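Alright, structures below, take your time with them.
There are two complexes below, and they share chain A, which is joined by chain B in the first and by chain C in the second.
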Partner chain A sequence: MSTEPIKSIKDLPLDENLFPGTPACAGCGGLLTLRHCLKMLGDKVVIVNAAGCFTLLSIYPFTPFKSSWLYTAMACAPAGAQGVRDALDILIEKGKLNPGDDLKVLVLTGDGAAYDMGLSSTSGAIYRNLDFYYICYDNEAYGNTGFQQSGATPFASRTKTTPIGKDFPKKDLFEIWNSHKPPYLATISPAYPVDLANKFKKAEQYKGPKLFISLTPCPPGWSTDPSHTFKLAKLAVDTGIWALKESVSGEVKHTFVPGKFKPVEEYLKEQGRFSHLFKPERKEETLGKIQEMVNEYWKQYGVLL
Partner chain B sequence: MLKLRFHGRGGQGAKVASRITGTAAFLEGCHVQDFPLYGAERRGAPISAFTRISRGTIMERGVIPNPDITIVMDQTLLSDPQAEPLAGLKKNGVVFINTPDSPAQVKDEYNIDAQVVTLDITNIGLDMLGSPIISTLAGAVASRIVGIGEESLKNAVEKELSKIITDQKLIAKNIEAAIYCFRTLELLKIKTIQTTQRQDSVIRMPFEPAKISTPSINTTASSLLKRTGNWRLFKPFWDHDVCTKCMICVTRCPEGCISLNEQGFPVADYEHCKGCMICAEECPKKGIKAVRESGSDSVEVMGT
Partner chain C sequence: MKKEMLTGNTAAAWGVRLAEIDYIPAFPITPQTEIIETLSGWISEGAMDARFVTMDSEHSMVAAAGAASATGVRVFTATSSQGLMYGFEMLYTVAGWRVPLVMINVSRGLSSPITLGPDHNDILAARDSGFLQIHCENCQEVLDSVLMAYRLAEDERVLLPVFVNLDGFYLSFTREPVEIPDMDEVRRFLPSYKPEHAFFNANRPMAQGVAVLGGAYYSYFKYQMHLASQKALDVYKEICRDFEKEFGRKYDAIEEYRLEDAEYVLIMTNSFSTMGKAAVNRARDQGIKAGLLRLRLLRPFPEEDIRNAIREKKSVGVIDQNISVGKGGILYSEVAGCLYNEKQRPFLISFIGGLGGKDISPQEFEFIFGQLIKGAGAEKVESPHLLYTQEEWEEMQKLKEIAGKE
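Up next, the complex of A and B:
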């Protein structure tokens, strides 16, 4: 792949490595993210998939992938990836695999596995400097089992298990991972595919853990119209709720800062999971608190005063 | 005992429809059971739900392979081998099909040997509720076919919907639309006999040896064989006259099923497009319209 940065969507690779006919919901934001990620990763990949919505992508005898795919339990995809990486390395060492035919190892998880059950296994893999990619599609709840709260569920979001809204904020997985100082770590969004693509191009230069978290709208869970998926992913970035950033060996840089931040309300009011903040009456205090949390974040980086 | 099987797509409300029918029958003093069955697939994929209604105790459990009444909430399911909504329908049974076509047309087209009732409840949903979520309407239709009274239906809709939505106005609109569907259908006589017109094939998984039943990780993109195109209610329709070939729609399709034709214009793979309408929503030229799917013909009902 050329090292020139991608400038517009017209420069994105046309090849697809994720094919249609998947069992994912119409309008799944996670699927859109994965499609772009796999375009960048190519087809020489072994996907190690922790249980979640995307373990449904391959249902015997059908697979939407060009590459190999391995299913693990929720907690142990990074451990599975270690096994695959070791096996590939042994094959190369024994001369049974040409290093040019080597495969990239990719862990694919939802937020349930990434933020909660698989966190210790991921921490171990980063700590061991395992050479792998990790993509978390974060729809902010356990989407596959009916949208129960996860460690990624944001403050005030309604889920099956937080019917009146969650009363504490989301875990900061980026910061948890960043404290391990991995070679490359980024947040991405399906609404910013050029930013996403360039992050994969950059990550390619590093050996070791390359981690990506994508905030991905989920129409059934968020109670949104499938056609609004892209719009919501973009609003999350443009309101400052989802910061697009990267970290190289622990040093954080924002890759995109909205020129003018939209009020968070624009993002919240579109979604059924936040509808209790607007109906039957407006919950000014909660809305104010969410805006304040976003402002605090950006102040910390000197973007807002 | 009357046994009903509902066939819908994830998100259309088959489960709620079966609940409404069950609750309405319960309010008429019957014993009832209702439950859904989901596959591994997600919103838009075929699902079924079941209702048993009896004057006496119901001892039977499990899915209903031989329904007296089948409610098909989406006409496209009739030709879906995964759904097989007509499988096991009893002789003289009733099948309701959500379609603008007449019963005679549908009977002919799908070779159905049963009493056929049709009504375009998706259109009624769009007109009266502003959305194609048709749980209440399918519940109303089923209640009518079963012979439940209007008052019980009304109360059942209210009771079931209050559990899932808080918007009182929307509940009132649903009741109005339900009564409209209920009154539009004529009362039928149902007297079924056990023989079935099609082979009973509801979920019978053969036992396969490990070599076959273990997924092969070497297969490439075999999902293309799965036609997810019939998940959709609306299909995107391109107007190449206004298209500037900006590629935005191509980039924003989660399924990756928009490609470029020889002239560089986007075209969709309708065999797989799930009809999410992100492409239509995002096209800066408004060059993609959402066109309603209805059987073989498509009627334009919604600008984008």
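Up next, the complex of A and C:
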């Protein structure tokens, strides 16, 4: 892969390493993210999966991947990645594996495992400086069990276990990871594939943990139209709710700052999970609080909305 | 071959060193710690060509061990008690991957109350996981069993992970003379690892541990594990014969001690069997036809061997160092289960002893033989008997007075 940054969507790789025909829901934002990520990672990959929606991508005897796959469990995909990476290194060291046939090790997980149950094994893997990629498709709830609250669920979002809306904000996984000072850490969006692709190109230069969190619309959970996924993913970035950023050895930099931020309401009003903020009557106070949280976030980086 | 005074833990580490393993993901827990400390010491001084990684928990440790095994290297790890419980989810997962991981468990009672002394509720909780289980009586057997475990796990007819179990304190920290075989002898018995089954390879993508939708597929894979475990019994016996040829020490799925003409039999496992054998000798001195059957392989359960060994005995006492709360001794149920369809079968009495490392005294063994003699031919058994002496009872009353709580 050349080190020149990709400038336009026309320059993205044409290779597909994720094939259609999966049982993922129509309009799954996570699947769109994964498709872009695998274009960049190629096909010499072992995907180590934690329990989540994507566990159902490989169902015996079918697989939609060109690469290999290992399902571990909800709490320990990064530990599984440790075993695979170490074993590959041992085989190369002992001359049993041609270095040209080495595999990239990728952890694939939803927010349930990433933010909650798998946090301890993720922290362990980052701390041990494991050379691996990690992608979290964050649809902000436990999607595979029917949309219950997770550590990623944002303030005011309705889920099956927060029927009147969650009354505290989302866990800041980026900052939790960043405090470990991994060589490379980024947030990505399926609506910004050029930004996503360049982050993978950049990450490739680093040995150690390369971590990516993608905010991914979930039509059944968010109660949105499957055809609106791209638009919603884009609105999340354009309203400033989902900041596109990266961190190299702990130093944070935004890779995209909207010229003019759209009001968060434009993003919220499209989604059934926030519909209680608009009807039967507008919840001005809650809407104001969400906008204020976004303003506060950007203010700490000197950006005034 | 050389002979050294080794603890059960260092004998275990020697077994691992001789097996030329590639990878050890580890997490310390008493009384297992000495095993991984010894191995990490050898690795750092260059005596072993393996990679050692301290993991963040036993759950992660078993996941890493299984995943490395699935990638095609020879892997070892060890745990104990609460650690085994913490990694429990992954035992089933790794067994389902059908990878030849060998893991040592140094038995210790389970919380609560928390204790360091051994019993077997930890390892017996794992009996349905798909791991095979070899249980050791002495330090030599620990070393030997590790070598045998790799042969068994890696046999393409088996491909299931294996536990080697030893008692905490009674064996983990007891020093005994142990023969350490030479490397070339071991290599003849256990060649270096060359998997024939699928492992991760850039030129041959593979999906491992995938979901199945539907009970019919799930049943198929689960039952294949059961069949492989049963097949492992024959394979294990082949391995025992090869082991005897190479090293001269004889093992089997069970051990029969003074059993041939015995009428009253103890069934035991692990290090307390040594006390049981001494009790058999004392009983024999008093003219009681006593014998002992030690279960060495608990999974697969060697039903036929057990049936043949005790079918014609007058009475049999199963001494369980575990308690299935609300049911009783686990091995008692298992032994009773395998005798059910026998027309001629011994009287079976359940004893629970040695919980949390509680000693089983000579007087308690006398009590057991008394019950076996009295019980033979009786119509009804009170079951199970908890082995507990008068002195222990009085001591406990004193502690309760101090604690001020009934």
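Please note the rule applied: the second predicted complex is superposed on the first by the 304 of 305 C-alpha atoms of A that agree within 3 Å, B and C clash if a C-alpha of one lies under 4 Å from a C-alpha of the other, contacts with A are read in each partner's own complex, and residues count from 1 in each chain.
Quick note on the criterion: contacts are C-beta pairs under 8 Å (C-beta built on N, C-alpha and C of every residue); 3 or more make two chains touch, one makes a residue touch a chain.
Given the structure is predicted, the values throughout are model-derived calculations rather than measurements.
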item: Touched partner set for A:102, first chain B, second chain C, both or neither; value: second
item: Which superposed partner A:58 touches (first chain B, second chain C, both, neither); value: both
item: First (chain B), second (chain C), both or neither touched by A:37; value: neither
item: Chain B versus chain C as contact partner of A:22, first or second or both or neither; value: first
item: Touched partner set for A:69, first chain B, second chain C, both or neither; value: both
item: Chain B versus chain C as contact partner of A:220, first or second or both or neither; value: first
item: Partner chain(s) touched by A:89 [first = chain B, second = chain C, both, neither]; value: second
item: First, second, both or neither for A:114, with chain B first and chain C second; value: neither
item: Footprint overlap on chain A, where chain B in one structure and chain C in the other make contact; value: 56, 58-60, 63, 65-66, 68-70
item: Of chain B, residues touching chain A in the complex; value: 10-11, 39-45, 166-167, 213-228, 231-232, 247-248, 251-257, 269, 271-278, 280-282
item: Residues on chain C engaged by chain A in the complex (per definition of touch); value: 22-23, 25, 49, 51, 53, 55-57, 59-61, 63-73, 75, 89-90, 93, 200-203, 205-213, 217
item: Chain C-touching residues of chain A, taken from the complex the two chains share; value: 43-44, 46, 48, 55-56, 58-60, 63, 65-73, 75-84, 86-91, 94, 96, 101-103, 120-121, 123-124, 127-128
item: Chain B partner contacts - residues on chain A that touch it in the complex; value: 9-10, 12, 16, 18-29, 31-32, 35, 53, 56-66, 68-70, 190, 193, 219-220, 226-231, 279-280
